[in-house]
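Shared between the two complexes below is chain A, which has chain B as its partner in the first and chain C in the second.
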Partner chain A sequence: MKKLELRLSGFGGQGLITAGIILAEAAILDGKNAVQSQSYGPEARGGASKAEVIISSEEIDYPKVGQADLCLAMSQQACDKYAGNTQPNGVLVLDSGYVKNPPEFSGKMYSVPITEIATSEVGRNIVANIVALGVIAGVTNVVTRESLETAVLDRVPPHTKDLNKKALAAGYESAKNLLQREGE
Partner chain B sequence: MAAKTKCKAQLLSGNEACVQGALVAGIRFFAGYPITPSTEVAEGLAEELPKIGGRFIQMEDEIASMGAVIGASLAGLKSMTATSGPGFSLKQENIGFAAMTEVPCVVVNVQRYGPSTGLPTSPAQGDIMQARWGTHGDHPVVALMPASVRETFDLTVEAVNLAEELRTPVIILLDEVVGHMRERVELPAAEDVELFNRVKPTESPDTFLPYKPAANLVPPMPAYGDGYRFHATGLVHDETGFPCGKGADGNTLVRRLQAKVEQRQPKIARAETFQTEDAEIVIVAAGSVARSARAAVKEARAQGIKLGLVRPITAWPFPEEAIDSVAQTAKALIVAEMNLGQMILEVERIAAGRAPVFGLNRIDAELITPEDIIVRAQEVTNNVR
Partner chain C sequence: MKKLELRLSGFGGQGLITAGIILAEAAILDGKNAVQSQSYGPEARGGASKAEVIISSEEIDYPKVGQADLCLAMSQQACDKYAGNTQPNGVLVLDSGYVKNPPEFSGKMYSVPITEIATSEVGRNIVANIVALGVIAGVTNVVTRESLETAVLDRVPPHTKDLNKKALAAGYESAKNLLQREGE
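Presenting the complex of A and B:
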C-alpha cells in the first residue's frame, strides 16, 4: 500500500472526527504515516461533518483528501455531497438507515445499517462510529484489527471499553457477512 | 534546534504540538481569550499549566490578555497568549507596548479567514503583513510560520527562546490547516531541548540602569521582586526607563530596538529549499501551502517539469538569501499564498527584476492544491518562454 485516502462524512454528533482520529492512530500503531484533518461548521451538532484520513508508508505532504479511495457516508446529505468525489474503483460505505437513495457507483458499494447495528445489537447508537470503523477495516484491511482495537480502547472513556469493543466486533462481523455474500 | 532523542510516535494536531512546545520551552503563564481556530492552545495549557505550578487566566478580552502576558513576563515568567484573526487585531496595541518596553512574550496567531470575523473555521494566510506592521511605529518583529506538527513544536520552543534572548514579542503565525490537522509525530525528550533564559543583571541595584543595553544591544532584565526597581513605559525613555520626551532619545531607542533583531537576521531568518538547484520555476510558499507545493514539485518532476520550492520558515525577518539565490537561477518565481498577495511583495523586492514573479492566490477558504500549483506553473512556463 502506497497511499490510501479516506473520507468519513455525516452530521455533527455522530463521532466522525473521533473515528478519523482513531483510524489514524491505528495506522501509526501499524507503523505507517497518517494525517487526519476535518471540516466542520460553527454548529456543535447537526451540521455537516467530515473527517479525512490519509494513510501512507511514505511522507504525506498535501494533507487534504481529493478523490477518496474510501468514502463513508452516514447521512443522505453527506452521501449526496461526497460520494461523487470517490475513485471510480473505490469503496463506498453507506449507513442504510440514513442513506435511502444510494448513488450510481462504479466501485464497490456496501450499504450497512450501521446506526441500527449500534442501537439494537450493541445497545447504544453512540457507538455507531466504532461500528463504522469495524465495517471499513473489515472490508478494506486499511489497518490491522489488533491496532484498531488498541486505538479504539486508548481513545474511549474507561467505562465504555466493553461497549466499544462490542461495537467494533459487530462492525467486523457485518463486514465479514458482506464479503461472504459478495463471494457467493 | 530539532533535538535528536525521540519519544514514541503519536498523533497530534499543530495546536496540541504548540502546547507541548510551550511547556517544554518553560512557558509558565498563559492569558488569553478563546477563539477558533486557536482554542485548543488555550485548552491544552489550561489543563497542563496548573499541574506544573504555572498559571492560566482567561481574561475578559484579547487586549487584557495581552496586558496580563506582559505583566507576568515583567514578573519573571515566560509568558504566552494564543489567538486568531480578530483577536490578533485587538492585541496589536499591547504588542507595540511589549516591543517598546522590551518585554519577552510569545503571541500565537492561528490565521483564519478575514477580514473581521470572516469565516471562523476556515484557513487563510492573510496576516503576514499584519504580523509585520500591525502595531504602529517602527519596531522589530520576529514571526515564524510552521508547516507541520513537528515544526510547530520546534518553532514554539524557538519562539520562546528568541523572545527571551531578544526581549521582544515573537509571533507564531500558524494557519488553520496546520493548527487543526493531526499527523504522526515524534517529539524530542524535554531534556534534549535547548532553552534560553533571559539574562539578568549582575550589578548592584544601586547603579542599575534598566534600559542600558549590553554589548548585544539587549539590556539585562530583572524580574519585579528581584530587588531592582524599574519603570516600564511605552513613552520614549532613556536608560533610566523614565520618559524623557526627547526626539534624540527616541532616535537612539527605536534604532537600537530595530538593530538588536536586524543584526541577528542571518541567524534568525530561515527557509527550507527543495529541489531548487536545477529548477526552472521556483514556488515560494509557507505554512500549509508549502505542503501542497512540495507535493506539486514531486508530481511535476515526475512529469518532467523542473519545479522547485523555497519555503520561508520565518515570515519576519524574511529569508532574503534563499530568494536572492533562486532569483539568479530560476526562469520565474511563483508565490503561492492564501491571500491576495502579501509575501509576494517581499519576493518582488528581493528578486528585483532578475526573475519575473507571479502570484497564485486563493481566498475561497480552501487550501491551495498541488494541482493549482502545477496548472499555474504551466501557465507561467508558457508565459516566460
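Presenting the complex of A and C:
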C-alpha cells in the first residue's frame, strides 16, 4: 500500500483523537509519513468526535481525508454519518455495543464489541480506543504491531501502561479471531 | 477576525500537539469552527514537533496552514524552520530559553522565557505548553480566557488540574506584562 486514509469516529471521551495520534506516531516509527487531523464543527458541540489519519510511504500533499480506506465507527450517529464516506472496497470497523444498525456495505465490515472487550478483558472502558487500534492494525496491518505498541506506551500516562498493553493485545486477539472466522 | 492560522512548533515532548488540540477545543467552546492537524515527516524522527490549528467563524475548507498568522517556536531549530513562514504582519512567540537567535521579523515578536516560567512559577517544565497557550491567547485573544481554561481542564489528567490552571495564569500574566511594556 502506498497511501492509506483512515477515519476514526464516535463520540467525545472515547479517546479517538489520541488513537489517531498514536496511529500516526506508529506509522512514523515504521518509516512512513503521516498526517493526523481533526475538524471540529457544530457537530463537536453535539458530542461527536472524529479523527483522521493519512499514512503514506511518500510525502503527503493534501491532508484531508475523502473516501476513507478504513472507517472506525464507535457510535450509531458516527456510523450513520461517516460509514457512507468509505471506499466501496474499504473496511468498516464498528463497535457492536453502540452500532446496532450497521449499514449496507460492499467492502469488509467487522462488528466487534470494542468497548465491551475493554470493560470485560481490561476492566476499564477508557481503553476502548486502544482495543480499537489493535483491531484496526490486526485486520489491516496498516502499522506493525511493534511500532504500534511502542507508540501506545509512549503516549499514555505511565501508570496506565500495563492496562493499555493488555487492551492492545485484546484488540489484536479479536482481529485474529475475525480473520480466522473469515478464512473458514 | 474571520480566520486565524496558528503553527505551534518545537521538539517532541513539549506537548505541542496537546496544546493544539486544547486551542481547537477552546475555539469550539467559543462557538467557532476549528481544524487541528499535525504532519509527521522525516523531521519527526529527528525529534521536531509541529501542530497546526485553524480557527474560523466560517466553515474551514482547506485544513493546511500556509503562512501562519501566529507562529510559536519553542526550539531554535523550529524557529529557523518555521518563523519565516509567518505572515509579515503576523505574530511570533518564541521561548527565549531555547531560541537564542531570533530572526528578523516585520510583525510582532514576543520573546518569553516560557519553559523557565513553567519551572519557576509552577515547578514543572511539563506545563510549558500551557504557559505558551496563556501567552498566545493573552497577546492575540484568539480564544476567550474562559473557554481556554475550560478546554485545558477538560483535557489534562485530573490530578494535574491545579498545576495547569496555574500555568495558564502565568502565561496570561506574562502576556499582560508584554502588552503593557509595548504600550509604554
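Please note the rule applied: the second predicted complex is superposed on the first by the 178 of 184 C-alpha atoms of A that agree within 3 Å, B and C clash if a C-alpha of one lies under 4 Å from a C-alpha of the other, contacts with A are read in each partner's own complex, and residues count from 1 in each chain.
Here is the rule we go by: contacts are C-beta pairs under 8 Å (C-beta built on N, C-alpha and C of every residue); 3 or more make two chains touch, one makes a residue touch a chain.
The shown structure was predicted, so the numbers you read here are calculated from the model rather than taken from an experiment.
Novice: With everything superposed onto chain A, say whether chain B and chain C fit together or clash.
Specialist: clash
Novice: In the superposed arrangement, does A:G66 touch chain B (first), chain C (second), both or neither?
Specialist: first
Novice: For A:Q36 in the superposed arrangement: first (chain B), second (chain C), both or neither?
Specialist: Both partners, chain B and chain C.
Novice: Going by the contact rule set out at the top, does A:A169 touch chain B (first), chain C (second), both, or neither?
Specialist: A:A169: touches no partner chain.
Novice: Is A:L153 touching the first partner chain B, the second partner chain C, both, or neither of them?
Specialist: Neither chain B nor chain C is touched by A:L153.
Novice: So in the superposed three-chain picture, is A:M109 touching just chain B, just chain C, both, or none of them (first/second/both/neither)?
Specialist: In the superposed model, A:M109 contacts neither chain B nor chain C.
Novice: Out of 150-158, 204-212 or 348-356, where does chain B run into chain C after the fit?
Specialist: 150-158
Novice: Need the overlap of the two footprints on chain A, from chain B and from chain C, as residue ranges.
Specialist: 21, 24-25, 28, 33-42, 60, 62-64
Novice: Report the residues of chain B in contact with chain A in the complex, numbered from low to high.
Specialist: Touching chain A from chain B are residues 9-11, 36, 120-121, 177, 180-184, 288, 291-292, 294-295, 298, 367, 369-370.
Novice: In their shared complex, at which residues does chain A touch chain B?
Specialist: Residue list for chain A touching chain B: 21, 24-25, 28, 32-42, 60-64, 66.
Novice: Help me check something: in the complex, which residues belonging to chain C touch chain A?
Specialist: Listed in rising order, the residues of chain C that touch chain A are 17, 21, 24-25, 27-28, 33-42, 44-45, 59-60, 62-64, 157.
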